[in-house]
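Here come two complexes built around subunit A, the first alongside subunit B, the second alongside subunit C.
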Partner chain A sequence: MDINVKVKSNLGVRAFYLFFIISSLQLGVGIMGAPRIIFMEARQDSWISIIIATIYIIIVIFVMYLILKQYENADIFGIQVDIFGTWLGKMLGTVYIIYFAATLLSVLITYTEVVKIFIFPELSPFVMGLLLILLITYSVLGGLRIIIGISFLFFLLTHWLLFLLIEPALEIDITHFQPAFQASFTELLKGAKATNYTFIGFEILFFVYPFIENKEKVKLPVFLAVFWTGLLVLITTVIAIGFYSPDQLERREWSVLNLFKVQSFSFIERLDYVVVAEWMMVITPNMILLMWGVTYGMKRLYKVPQKTTLYIVSFFLLVGCTFIDQHFQIQKVINGVAQFGFWIAYVYPFLLLPLILLKKRRRKRRGDENSA
Partner chain B sequence: MRKKRKQQLNSLFPITVEKLEQLMNERFENNPDLSISTYEHQDKKIAVFFIGYLIQSDKVENFLVKPLLESKKEWTNNLILNEIPIGSGQETKLLDDILEGLIIGEVFVYIENEDSAINYLLPKKEKRSLAKAETESVVIGPQVAFTESMVTNLNLIRWGLRSTDLVLEKIMVGKRTPREVRLVYLKSIANETDINTMRQRLQEVEVDAVEDSNVLMQYIEDSSTSIFPQFYSTELPDRAVYSLTNGRIAVLVENSPTAIIAPTTFFNFFESTEDLYMRWNAGSFLRLLRFIAMFISVTLTPMYVAAVTFHYEIIPTQLLISIGQSRAGVPFPPIFEALFLELMIELLREAGARLPTKVGQTIGIVGGVVIGTAAVQAGITSNILIIFITISALASFTAPSYLMGTSIRVLRFPMIILAGILGIIGIMFGICFMLIHLLKLTSLGRPYLSPIYPLRLEDFNKVLFRLPQNYQWKRFTSFRPKDLTRFSKNKAAEKKDIDE
Partner chain C sequence: MLNRILINLIIISFILFTGCVQSKELETLGILNTRGVDLSKENNGQIETTLLIYQFDAQNKNISKLLSGTGNTLKDAREDANNKTTFLLTPGQIRLELYGKEIAQKGILRYLAALARDSRASDTMLLAISDTTAKDVLMKGQSQTEINVGQFLHGVIDTEYNEDSLLRIDLQTFSHMFADIGHDPILPIISLENDLPKLSAMAVFQDDKYVDKISLDDGFLLNLFQNRVSSAPVELTIPREPFKKYEQYKEISKNKEEELHIRVLLKGKSKTKMTNVQEQHFKTDIDLDIEIQEFSQLLNIENGHVADLLKKEIAKEIEQQYDTLLNKLQEINADPFGFGNIYRSNKKDGKLTKKEWREKFPEIKVDFNVKVRLLNYGTTQ
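== the complex of A and B ==
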């Protein structure tokens, strides 16, 4: 297996689009329920937790960037094979693929559940799953350029939802944030850890990096994307905490969606219906990117044609979302993915970096000896 | 050696005039249209043959037959080529060439015992005179439309574009009945890759016959299964000329009153040449209006169906009461009601298109007013739905391209069905699917949704809105024309301080 990826010249992507890739993979189902989960840990100081989490992710991304910079044009699969050898490297690569597939499943079943709660209580998860998987399959068949186009276009087409939050934002009660700075440091850290399901997704940088044309400009869009996601989670959390009393917030699983109920116009009410439907546009790029990651990974590691993986994974997803339809099961999957993601996305890069630097130094020394 | 023998075998001449006449009649199966006249002049037999209605018979009479008979000279092939005052004389030896020549309007002269016949190309083509554009009618600006005659169309384009750069390549398409196709572009502006792609696609078309430019378009489009047209088919010469000056390519087909323009983006289908002729702000408004109209046309009725079938809560109480009252007596579920009315509108449109203009108007009035009112009074439909359906039908007709308008109208039906089955989720699915499909499309290899994706902000003023002409000094960069600037930027006004 080649460590570096040879990218066809017509498949290059401008670094600018990394902003949309990363933020649309980060924003997904997580943000719908994030405020409550964070609030349960850090209470009125949740906003500090979110800032801590964002800063931490920026550090992680910097580490990821350092890792990628050590190679000419490699992705995580190549790097792992280089560091750990073919056998272990491929196994770790498979872990990544399983992680992506699990995240994909969790997004799918969570959204199906939300639709069931808010719009159609009787909806069969099979139908909902079929619709979403149709969209995923159809888009992934288009290739990487189309996938990035979808994340870009859908990003633009969903952000008008922010305007609907103006009305609840005006009704914030400042006293809900007082007294400030009450949470202990461990509580803040726990709050920060609670955001991890919302924030995961930036690992895609390990996958798409070889496709970026202008690598010198990678940093800015990536940092901006993480910053933007952090800001959105911060805004929604602040509005949710300010708007609901602590008791109310703890009882509302999808607190952000409930916020949209406040806004109404003379011709339309209950915008939460529209928002839940519109959320399909938020999660579609999310799932498409994850699916692409799975198919691309299988191709890199085992040379399986992407189409084969696509159809097989689609089938299993459909089966999965049909049978995992109980609330506690879905929560279990989400918690599992969050735990999984915590180790893979937040901790693993820190372990990988010293190994790579070590190897690089050793290789350099050997090279020096050889040349001498 | 072998080749020579073959040629001799095929060569028809020399032959006696009687035998030639017999042979021709045989090959044409005694078709009465083939006229063969034989003359005797100074002991030499001369045969003149042609198909009567394909040639300019007065010219044949005055400049060919008369001089032949009145002259005192003894005729030979060389003498004819030198003396007869028609330019395009050529010698022909093969029977197949003669047969092919006859059907494109050639006149043949054969002098007995000569070893070749002489042909003159004197075709007569029936054509109608220029008329106003019908499907792409405009309020201001040039009104004239292309006709079925290739010569007329080329003439219109040449006069619109007086440039030596203009290239009009000729390509024959069609195996059984070849048809002349012209690839038109401005050499100094059009993108080289685009030209080559288009030329290659035209040359690779392997079909027996091409009926019209719209048919040819479907053979050479990027995705033949998509519902959206990927090339613009226009009947306005000024639109074609405008596109050519912007570095795009036009394809003209013989006997077809529309030109194909490529590459095209999705947004091109909503721009009219009128936007250019109007003030920039009014033009921008109209263009924006068409985009909104397209969106309304696709989503309005489905939204109604979804809301009334599944999500009453979305509608505010006041509005819900009036909708409820108007629907109170209607026995059908909303999806059938909507499909029924949409179908009726489509029937009216189709009937109006097939009937002569005067009758068509009557049909419109009868259909629109009488059936609509009667349907409401009979309690089959609600009048609020009629309002929605009419608005969305009107909106779909604002697209300047008839092909795109039709696509949008057809798209409404699956959307209504999706809305009727899955409510707002179904609509969202439809929209997502459509957007993904649009993203996947290309036109001549160029992304269909440019300049939105791939994003090129400097092109926005050409597709989504318009700037004053002085500010549009750049061409549409997404198509990568060879020459990007239309005129020097310096013309733009320099900054001035307040006038005291």
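== the complex of A and C ==
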């Protein structure tokens, strides 16, 4: 297996698109319930937790960038094989693939549940899953550039939803944030950790890095994407805490979706229906990118054709989303993914970096000896 | 060629996919517009709902219909009502939920919780209390009003909300006020006058239980306390004595009234601070911009002195109204002002229980401080 990836020139993308790739993968089903989960840990100081989490992710991204910079044009699969050898490296790569597939499953079942609760209570999860998976399969068949195009378009097509938050924002009750700075440091950190399911997705940088044409400009769009996601989560959380009283917020499962229930226009009375449907556009790039990650990883590691993986994974997802339909099962999957993601996305890069630097130094020394 | 097949496939799938979900044709639906909730008279512990629905039936000219049903839960009662009609009752368009007096005194939290749980129920539906039973108001009202009585009541309440006369309270605001510690909700009361429903007062709640009522003017004071009011029509009553020498046509006036009534358009905002957190002393500054519309006497505002006098008297009057209202609420021991919330947010640890505030509220002291600016008085002096 090659450590560095040779990308055909027609497959490359500009670094600028990383902004859309990363922010659309980060924003998904997590943000719908994020305010409540953060609030339960850090209460009125949740906003500090979100800022802490965002800063932490920016540091992680920087570490990831340092790791990738040590190689000419490698992705995480190549790097792991280089550091840990073929066997262990491939095993760790498989962990990444399983993690992506599990995240994909969690997004799928969460959204199906939301649609069932908000719009069609009678809808069978099989039909909903089939529709979404057809969409995913079709888009992934188009290849990476199509996928990035979708992320770009759907990013622009979904952000108008923010304007609908103006009305609840006007009803914010400032007293809900007072007295400020009550949470202890551990509570703030717990709150920050509670954001992790919402914020995961930036790991995709490890996958798409080889496809970037102008690598010197990678940093800025990635940082902006993380900053943007952090800002959106911050805004929605602040609005939710101000709008709902603490007791209400603790009991609202999808607090952000509930925020859309207070607007009404003369031509459309219940915007929450529109928003839940529109949310499909938020999660579609999300699921497509994850699916691409799975198929690409299998190809890199085991040389399985991407189409084969795509069809097989789609089938298993369909089975999974048909049978996992109870709320607490879904929560279990989400919590599992959040735990998994915490170690893989937030902690692992810090362990990987020293190993890589060590190896590089040793290799350099050996090189010096040879030349001497 | 391939493209055309693809497009056809997409169009066909669009048509077919609509079959995947349950269809709801308008003609088969009874769309709930207003629901009245009462305690059932026959069966203890059960609730009786009175439902006003729209049904789009080709054979019937009258599209609104009144139904009732009893059950242990709201949904159960709806099912019961559904057995009396061929239409499928859907709750997504309920605009107004009316609670009977008796049930409101027992507490309405569980019905509100049911509404919050149901994603189909609208968060912006209005809530109101009936002076008798909800059934009475809806039944008698329906026979008296030309239009659907639910729509009528919704209109009556909504107009007051829109002109800023009352605090807008929908399902979300009510639950918000209830759940905030140190803040009790209020709701409008509908009563019957010659069998015609009418907005008559505001109900004061202790948590979720209706305890007493205050006048609509007091309802406005609460609104001014909590919101920025942009232009509310208000009538004020001030002593006539200081203005006697500025009255016109004194010689033909036979009016012996001691008071001067002024109709004003009022714009204002308020701000409350705590001056002493330990002793629960509050200070509320209220800034008002006033436009005068009508006097009960022919008053001539010929110079700044009269205007100053008016401002002073109006400020005094509003301060007094606030003091009276606060005293009354302290007697009832219900806090729709939300002073408890302000107290909690100023407290060091930010912790307060509902019980604690019930004990403290009757003892709090508030200094209302009204500042009036007289903007204009129409086209005549």
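Here is the rule we go by: the second predicted complex is superposed on the first by the 372 of 372 C-alpha atoms of A that agree within 3 Å, B and C clash if a C-alpha of one lies under 4 Å from a C-alpha of the other, contacts with A are read in each partner's own complex, and residues count from 1 in each chain.
Basically, contacts are C-beta pairs under 8 Å (C-beta built on N, C-alpha and C of every residue); 3 or more make two chains touch, one makes a residue touch a chain.
All of these numbers come straight from a predicted model, not from anything done at the bench.
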Touched partner set for A:M281, first subunit B, second subunit C, both or neither: first
Partner chain(s) touched by A:E216 [first = subunit B, second = subunit C, both, neither]: neither
Touched partner set for A:S264, first subunit B, second subunit C, both or neither: both
Contacts of A:E369 with subunit B and subunit C, given as first, second, both or neither: neither
Touched partner set for A:S245, first subunit B, second subunit C, both or neither: second
Which superposed partner A:I117 touches (first subunit B, second subunit C, both, neither): second
Which superposed partner A:F152 touches (first subunit B, second subunit C, both, neither): first
Partner chain(s) touched by A:Y138 [first = subunit B, second = subunit C, both, neither]: first
Subunit B/subunit C common contact set on subunit A: 120, 123, 127, 131, 264, 269-270
Contact set on subunit B toward subunit A in their complex: 310-311, 313-316, 319, 422-425, 427-429, 432-433, 435-437, 439-440, 447, 449, 452-455
Subunit B contact footprint on subunit A (complex, rising order): 14, 16, 115, 119-120, 123, 127-128, 131, 134-135, 138-139, 142, 146, 149-150, 152-154, 157, 264-270, 273-274, 277-278, 280-281, 284
Interface residues, subunit C side, partner subunit A - complex: 17, 20-22, 92-93, 116, 119, 122-124, 172, 175-177, 179-180, 341-342, 344-350
Of subunit A, residues touching subunit C in the complex: 44, 117-118, 120, 122-124, 127, 131, 173-176, 178-179, 182, 243-248, 251, 258, 261-262, 264, 269-270, 272
